[in-house]
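Alright, structures below, take your time with them.
One chain, chain A, appears in both complexes that follow, with chain B as partner in the first and chain C in the second.
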Partner chain A sequence: MKKKLGRGVAIVGAGMSNFGAFPGKATRDLFVEAFSDMIASVDKGLDPNDIEALYIGNYSSDLFEGQGHTAPFMADWTGLTPRPATRIEDACASSGVALRQGIIAIASGLYDVVLVGGIEKMTDLPTSEVTDTLATASDVLYEIPAGFTFPGFYAAMATAYMDRYGATPESFMRVGLKNHENGALNEKAQYGATIRQVMDSKIAKAKAKGRPEPTWADEMEFMHDDRANPIIAWPMRLFDCSPISDGAAALLLVSEDIAKSFSADPLFVIGTGQASDVALHDRQDLTTLRAAKLAGEQAYEMAGLKPEDIKAAEVHDCFTIAEVIATEDLGFFPPGKGYEAAEEGLTRRNGPKPINTSGGLKSKGHPVGASGAGQVVEIWKQAHGSAGERQAAHDVNLGLTHNVGGTGQTCAVHIFERR
Partner chain B sequence: MKKKLGRGVAIVGAGMSNFGAFPGKATRDLFVEAFSDMIASVDKGLDPNDIEALYIGNYSSDLFEGQGHTAPFMADWTGLTPRPATRIEDACASSGVALRQGIIAIASGLYDVVLVGGIEKMTDLPTSEVTDTLATASDVLYEIPAGFTFPGFYAAMATAYMDRYGATPESFMRVGLKNHENGALNEKAQYGATIRQVMDSKIAKAKAKGRPEPTWADEMEFMHDDRANPIIAWPMRLFDCSPISDGAAALLLVSEDIAKSFSADPLFVIGTGQASDVALHDRQDLTTLRAAKLAGEQAYEMAGLKPEDIKAAEVHDCFTIAEVIATEDLGFFPPGKGYEAAEEGLTRRNGPKPINTSGGLKSKGHPVGASGAGQVVEIWKQAHGSAGERQAAHDVNLGLTHNVGGTGQTCAVHIFERR
Partner chain C sequence: MNNKDFTSASFQEYLKQKKLMGVRCQSCGTLFLPPRPMCNHCFGEDLIWEELSGEGELTAFTTIHIAPTAMIEAGYGRDNPYCSGIVKLKDGVSISAQILGVDVDHPENIKIGCKLEVEFLERQVGDDNQAFLAFQTVD
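And then the complex of A and B:
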């Protein structure tokens, strides 16, 4: 059954805070930065009083900051009290799903102007507690007692994928190299440096300290070095894993009919999809995410598009294997061919199917509840040709975002059009 | 500006688990119980495959159970994977707000059949940790360092109210007495006993153990006894505070046009309202909740009704003072007159404005994320004349629910009609 929204929705503003580690800043501070950045992007100007409701994606301010009930605080700190403020939680897909709720809310006729946000403040906790907190996004009754944490889950997917399709750890390294190449050109990225820059800086540091200089022939040798790029959960090494991050993003959604009064060039939402799945331990196949496939199919069907129509996509590369699988689940490449596409450079920003021009979660950072909304900020920039040096080689009039929660128990996919 | 939903929505099924303390049961178990109870209430039958999406209200499975990403688990355990499953968090208003999202989602045209749930599992933690977890629903940066916990917040409201309007601690005790009177007739209530029954049982226990028997002349003397009814945060005593509870509730929402194919007697949603507010420390007035007033006004306006039209209401009596304030914020009684109405018995189930016929959060229990959806279960029963001995004296064709998050930083109000 083909589903249709009651009326069209457009994005007319998109902004984000820097992603990184910001001691002393709470999510409310980061959200104010994202909100201000979003307002600056509304080219015909925004009176914040026009905003009628807020949907805030957040994974676990409860565990990360000891603060629950986060949505009304975001309303307060942006001056939007007493607007209805609703927090959406679907693990790392929280703000992708919040976006979907914002779209649905406008389509319902109840609101014309909605603020969608994503927030997460992860770096106050020690790394081991962050890992434990993230693990609560899996099945704590059946999976955590088996000793799994997230690098382990995705390592299991990676080994299953390698076994079935013949990919190697180098296939995944190509994804990390590419995403750092893009992120190096993103001034808001947490790790805005190419792998070569990281390598050169390590060599320079050793030199400066009079230590023996490492002798890496090239980035791939660096990537294989157990000290430079340690194994986290084989085959996932450090540069296969997204970092622990603080950050926020904000999107302004309006009904299609008033979009032009906010922006000369709105980004129309032409497809939305969301699906759930069982926990990883219960799945038949570890080499694909069913929720992502279904969410993608829903979005394509609503948009009346095919995977080949998409000009650029931000996909959920919490680990490099996740990006490879995403490009297959979304139909960009056939099952088992995503790793070859990555190796061949097809997903680089000058390739036919640019993926994660922002640097992706890997290089830009992964403040989990903010990542889905952050993806849309990049598509907004690519669609408007304002992505600077990391602008895709071809025009991005059609873009897609793919936001995954946990091991794929949630996925939200959205398709956007600049007309 | 009067807001209108794109299309009408009706509730065609409503169920709940028992509320109480259930060691060994996780939220997923409780939700399955609520789901089964809901299915049994759909008089023309339900094929669960017709359900297209889930909205799950939950405050903090993260802190209570160490489990985040709860929504897809609820889909899995009710056999509804891969439907989109979204968790809504607005503290104790989580499932009232989840209900609103379910309504909006159907109004948008995207879905015709939506499951709205509420879940919370609080009793695994020691009481002090439950108190700390609930405190995360207030402002942890500005309020918790001042030593506040929730009984303290509501005690501050109670003293401000007493100071302004001349109410006494006895005024609030009347609310507790009345709610236990109702809850004693609710087979799913956590504390399903009248205060007199509690009193008599304490006397009987003393007798059985050969201890000196307490000599309480009546319930009011019992309520004033510092050992029987200890002060938690003056003037709030034990029987002014809702308990720590486990529980779940489930509601089936469908678009108005198909409602009759599920139920001979659907409960139509004719009004919805939601608002946010600043944290308590930032407010001018502690004797009213602005978010509740605004949410109520929105719901009345949408329904085209006035407070006097409402035949019965379930309001958020997390503390007895909260019920008094709620009955004023909703316009049932003028400001400062709610306590007199309680004293005069106007809110008893045989009175002109029955409030919390279910027993309210006080007696029925307060599994925080489930409470808002649980309120609707009671209105469903009252509207259908199926509330048994606690059925209101007059016909309840129009009912209202009022669900508050934290100290009132969120409020959701809904109005229902049996036609």
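And then the complex of A and C:
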């Protein structure tokens, strides 16, 4: 039977902190920035006292910051105690799932106004400990003893994908190039520079230090340079991997019947889907994420839409291979054709199916628990034509977000409509 | 030997004895690797340990240069990468493991589908001597 929400839900405000490395700022400080940015986006104004509950996506403040029980602090720092504040943990899908919980809470009739947040503060730890912390989102009993890391899991999917479909490491590099082109136009991005700009800055640095200047013929030669773009887990190199990031995002959800009193142009939630899956080694097919396909199918069915109807999508490109697989799992391109679509430029912001106009996790940054809510901020901007220079070429009245946890053991997909 | 709990602790004990053990559901016949205490197909709890062939092939892999702490302590890292992969056993089940005998400096030459056989590694982890599952290429 077709699933539907008990009543309609709309997003009437969306904001985020800058994504990056912010020594000295805790998640609560970043969340206040996101909260203020969200309030500024509510065009008819918000009295924060109207908020009834908070759902906060956070992967691991415990291990990253030594802080458990994070949600009440977000309520306190935004002046929202004693309202119920709940933390949702589903690895990197934490705030996509928090969004879904906020939607369900309003659809149930319990609340009319809900704050959904996403937070993560990753840069206090050295890289090896960040790697260890992220690894706890996989199977610590059977996958970690094999030496796997998160870049390693997605790299393994990439080898299976290349073997089956004939993609090459260059196919994935093209995704990174495209996302950096978009991220260069996003003032909140952590690595908001095109690959060309990265190259120029490295050349300038070498010149300033009197070192021999690198002589890359073009971006692809730079991408193949083991020193400039080292292998992290083959075939994933540095510029195939999302960075270690701090950041927060905040979304204001209200019931459909009151949405117009907050915003002239609410973003209606017309589809939501979520699914789980087994560990990577237990899957029949390593070139697709079953949870993403199922979450997508649920969301499309609820929305009464097909993949071709979606005007722009923010997908979970924690690694470049993940974006390729996502565009296939969501039905934008047939299995095995996603890499060709990326190579042909179909996913650029002036292409027929703009993917990750924000720069994606790759360029914008990936504060893991904040990423799912951060994706919605971009769809909000694209839907309202307020994405500035990175605005998609066509009108984005229908947008989709795809937020993955771990190796795809969780996926949440949402579809939004500006009416 | 067949009355051990169907847990990772038991699996680890078997690894120390150089045995790769799965668990079979005696109600529906499904074989599990890793072990689990309840069949997730028929919900049966009439299970039995079963030693696996240890022969399989590589279905996905990576060579890891930025290593987690445990592998750094084992001597791996940027200058000494290692291969991790997923192995499909003849018995029909698959598992994650370190892959030995492949050319980690030329990962483009590592072949998906290559034949592998089980190998049992031991490493000191803190004060413990722990067993690790690995697979070695077969020439």
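In the analysis below, the second predicted complex is superposed on the first by the 419 of 419 C-alpha atoms of A that agree within 3 Å, B and C clash if a C-alpha of one lies under 4 Å from a C-alpha of the other, contacts with A are read in each partner's own complex, and residues count from 1 in each chain.
Convention: a residue touches a chain if its C-beta (ideal position, glycine included) is under 8 Å from a C-beta of that chain, and two chains touch if they have at least 3 such contacts.
Everything numeric in this text was worked out from a predicted model, so none of it was measured.
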Q: State whether A:Thr159 touches chain B only (first), chain C only (second), both chains, or neither.
A: second
Q: Figure out whether A:Thr131 sits in contact with chain B (first) or chain C (second), or with both, or with neither.
A: second
**Q.** chain B versus chain C, judged by how many residues of chain A each one touches
**A.** B
Q) Can A:Glu213 be said to touch chain B (first), chain C (second), both, or neither? A) neither
Q.
Output check: A:Gln409 vs chain B and chain C. Expected answer is one of first, second, both, neither. What do you get?
A. first
Q.
A:Leu63 in the overlay: touching chain B, chain C, both, or neither? Say first, second, both or neither.
A. first
Q. Which partner does A:Leu141 reach: the first (chain B), the second (chain C), both, or neither?
A. both
Q.
Quick check on my understanding: which residues of chain A belong to both its chain B contact set and its chain C contact set?
A. 139, 141, 279, 282
Q. For chain C, which residues count as touching chain A in their complex?
A. 8, 34, 59-72, 76, 78, 81-82, 84-86, 94-98, 107, 110, 112-113, 132-133
Q: Within their complex, state which residues of chain A touch chain C.
A: 127-129, 131-132, 135, 139, 141-149, 151-153, 155-160, 163, 230-236, 279-282, 286
Q: State the interface residues of chain B toward chain A in the complex, per the touch definition above.
A: 3-7, 26, 53-54, 58-60, 62-63, 65-73, 75-76, 80-91, 97, 100-101, 104-105, 107-111, 133, 136-141, 274-279, 282, 290-291, 294, 405-406, 409-410
